[in-house]
Amino acid sequence: MRIRAAVSAALASAGILLVGWQSGVHGADTRSAIAAAATGNQASGTGTTGSSGAASSESAASSATTGGSGTTGNSGATGASGAAGAAAKAGGTYDGDVVQTRFGTVQVQITVKAGQVTDVTALKLTDAEGRSVQISNYAAPVLRDEVLQAQSADVQTVGGATVTSDAYLTSLQAALDAANL
Amino acid sequence: MNTQLLPSPGTGTPMRPAHGPAPVREAGRFASQHRRRLLRADVLTVTAWSSLAAAVALWLADGGLTAASSPAGMITALGIVAGLAGMDLVLLMLLLAARIPFIDGAVGHDRALEFHRKLGKPSLYLLLAHGLLIAVGYGMAEGLDPVSEAVALWVLIPDMWLAFISLALFIAVVVTSLVAVRRRFPYEFWYAVHLLTYGAVLTSLPHQFSVGGLFAVGTWQRWYWLGICIATGAALLYYRVIQPVRATFRHQLTVERVTSVAPGVVNIEMSGLQVGSLAGNGGRFFIWRFLAPGLWWHTHPFSLSAEPVRKGPDGHGRLRITVRDLGRGSAQLLRLRRGTKVAVEGPYGLFSSAARSRDRVVMIGAGIGITPFRALLETTPFAPGQATVLLRGHSNQELYLGEEILELCRQRGATLFHLTGGRDPASPDSWLPASEHRAGYALADYVPEIAHADVYVCGPSRWAGNVLNAARASGVKEGQLHHERFDW
Amino acid sequence: MQQTSETPHRLRARTFTCMGTVISLTVPTDAHKAPQAAADELEAATAVVERLFTDLDSIFSLYRPDSEASRLVRDELALPEASAEMRARYEEAAEWRLLTEGAFTAERPDGALDLSGIVKGHAIREAGMSLLALGMANWCLNAGGDVLVSGSPNPGTDVPWRAGIVDPADRRTLLAGFPLGGAALGSPPQSLSPSGPAPLGEMTADGGTRAALATSGSAERGDHIWSVTAGAAEFRQVSVAAADVVMADVLATAIVAGGVPMLNRATAMWDIEALAVRANGELLATGGFRR
């Protein structure tokens, strides 16, 4: 009887592990297929950004942030490191799972270029009234040379965190103002 | 003469009490009961292992393996798996200690707690590994040493400070209970430390759902994990709080009288309502709490030493436990006052007919461990001549309830041996008095058919261990051995 | 950023000090106007703006012991007895507090009322309306790093004003640029009070349609922003571009205080562009800030 318990427990456990493994591999395959189709690049070992990163539209952006910047350590930990690992090998777009958020149904697409997450877009979003809308206004991690550039020579004004009147004297704005006196 | 043999009455004159147990209807009845019980135990074993596998499968299904491609990722992945498995073991431990009837009926309270104890260290090691590996893994990914990483986790990630507190509490619980068992701290101390477990589990929960990416909002993994956590909590609440409170209000037990049986041993008689529903439990134990100043917070696990006697039509009746001064808690019971209210929960354990697997039955008790047999003998079904009772004590005076058991054996046709006298100091492995041991007697000499009987053993743990070994040597299989610990 | 070929219009700037910072008003010189007339016009406009700032500062400054705000903090005055101006700003701040779920608040951790988080933006907004009322179509107003523009530095074209954003790690260099204004602003900024959630999905990444840029940081006035989440500030500096300068200012402050969740809420709920600098120097940007 003890043998019966041991054998059944071993079989059941092996079965459960196998199912878990298969669904994990299947999910990764789907994602890598999307990535390969999107870029034509070789996409080996895709990340799990989809399932863990696309928790909600809000945390999607934050976990993607984590992945892109390499600061793991929060909810996106598994997904983020996976994404970073995959991103190093392949660029392209990655579709997340369709998840329910407080804004409605949303699927997040992450664009990876040269190992960096460059864009997070909500692909599918149904708001409370059931209309489909698209949001592209997420703040995604970017590299310094990917933001709009400016040289102090060709701007007319300078913005920054509140400048005190003392700090103004040495500020770029002061230089501009002086030039325009 | 310290061995007393009571021959069984002839088969032609079966003597049964008027309200005795049902006669054995068909042969093999206990065999099928035994098969069902073993099946239940196996189902539990498989469920426990499956839950552990499922915890790991949750991680696999989330594509965990693909994340483990770098050294840092691998360490983090191990940490996550350790955390999942550790938490699963903690939930199993809680379920084993929840006194759930299905578990109790399948393996018994004793063995459930034995598994509970066995899981203590592995789950702690897994949780420690979880914390360490995550700190190392995340730290490697971020280029931080594990200590700085741990500090960063504590400071920056919401709910992580609770997780650190939880880990500290888990360490405190396991270490103190290991020390408490070794140093034989009072049961109540050990019990109080265990209450910390609830704090440890509760403080560990927030970070699992808010930080664990595996359990992010909207994943089926989150529902599964929430489900098993809530189910465990509900089982604990129902079986350890609601049921005892209900039983206490239902039975309204009060102490009727306390009579001395022997020096340091008393019968506590209680009266209450619907005592009939407490009947038929044989030697299964109840947990008693006497609601008197200075006593109410002690719990006492004792079997009924006599089947409840119904007196009124409304189920009003009387029941009895027999208590020996075993520790500070039970010493005070000797001075219980009439009218003291009693909280009761139970019955628990497998020391009853539910554990029977054979038609023959052997009961071997020593000292205060004799008392549960009084009730078991009263109710468990057997044909005359198919039961043997062996009572062990230093003197006749120590064979508590000996007279009542003698009378019951007469009525039901059981064979009774009184084995009195000191141990043989030269052979600590013997369960017999010195004289019998030297005469070369063995268990099979008292019960020749013991290999085909259920053997119930109750007494001090060292002695009980010797009896169990003797029984095994006589060809009794594990499934036929039923043992109740009687020293807390 | 769009390269302009050549600037035929020279810019002229005037500055004054108020609210503990320096306010600059920059206008393009009109080739068709006499230089002296243009200079007089700028002087007059600066005087109007300075008067407006000074008046508001005398009410709201906590550095002036005799201001209405200081009397409120000292409990010499109760809010219901305060001036209409004071109550209106309090109401506006309270509304923003609700909309940002507490990330923006006009209460200091010690419970004292401090409306300075909204007053500067309000002053810029009022100054902008005054300038438009004076008939000036092209100007750039910069108050301590918060910018509101109208029109273009090249009058008659839709060339936007080019604003640089200071790198918090090195204040002598620019981290990024952003085009402001450009398209003719026929009317003053639409939303003078918190407008609530903007319609989702309005695409405004082409630049030139936003008149205001506000930046908040934890660098210079570290205790100016009270973090609603525990621990150190997640962002060192946050810039928000929007149609309305108060909205830009409030949301920049709220995002510094509320971190990534507030950033995501702000970009989802309001029609803004945002550029955030993490404590470790990494950047987060919406489409409008990207090349």
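By written order: A, B and C. Residues from 1 in each chain.
Throughout what follows, contacts are C-beta pairs under 8 Å (C-beta built on N, C-alpha and C of every residue); 3 or more make two chains touch, one makes a residue touch a chain.
Bear in mind that the values here come from a model prediction, so they are computed numbers and not experimental data.
**Student:** Would you identify the chain whose C-alpha centroid lies closest to the centroid of all protein C-alpha atoms displayed?
**Tutor:** Chain nearest the overall C-alpha centroid, as shown: A.
**Student:** Could you see whether A-B or A-C has the larger number of C-beta contact pairs?
**Tutor:** Per the contact counts, A-C leads.
**Student:** What whole-number Å value describes the gap between the mean CA coordinates of subunit B and subunit C?
**Tutor:** The separation of the two C-alpha centroids amounts to 70 Å.
**Student:** Starting from the mean Cα coordinates of subunit A and subunit B, work out the distance between those two points in Å.
**Tutor:** About 51 Å separates the centre of subunit A from that of subunit B.
**Student:** Taking each chain's centre as the mean of its CA atoms, how far is subunit A from subunit C in angstrom?
**Tutor:** So the centre of subunit A lies 30 Å away from the centre of subunit C.
**Student:** Please list all residues of subunit B that touch 2 or more other chains.
**Tutor:** Subunit B, residues with two or more chain partners: 156.
**Student:** By residue number and range, which residues of subunit C touch two or more other chains?
**Tutor:** none
**Student:** Return the residues of subunit A touching two or more other chains; collapse runs of consecutive numbers into ranges.
**Tutor:** As it turns out, subunit A has residues touching two or more other chains at 71.
**Student:** Where on subunit A does subunit C make contact in their complex?
**Tutor:** Checking each residue of subunit A against subunit C gives 57-58, 61-62, 65, 69, 71, 103, 127, 133-144, 146-152, 154-165, 167-168, 170-174, 176-177, 180-181.
**Student:** If you look only at subunit B, which of its residues touch subunit A in the complex?
**Tutor:** Subunit B residues touching subunit A: 38, 41-42, 45-46, 48-50, 52-54, 56-67, 69-70, 72-73, 76-77, 80, 138, 141-142, 149, 152-153, 156-157, 210-214, 216-219, 479.
**Student:** Sort out for me which residues of subunit C touch subunit A in the complex.
**Tutor:** Residues of subunit C touching subunit A: 1, 3-4, 10-13, 15, 17, 20-22, 24, 26, 120, 140, 142, 144-147, 149, 153, 161-166, 168, 171-180, 200-201, 203, 205, 213-221, 224, 237, 239, 260-261, 263-265, 267-268, 271-276, 278, 280, 282-287, 289-291.
**Student:** Which residues of subunit A touch subunit B in the complex?
**Tutor:** 1, 4-6, 8-10, 12-14, 16-17, 19-21, 23-25, 27-28, 45-48, 51-53, 55-56, 59, 63, 70-82, 85-86, 99-101
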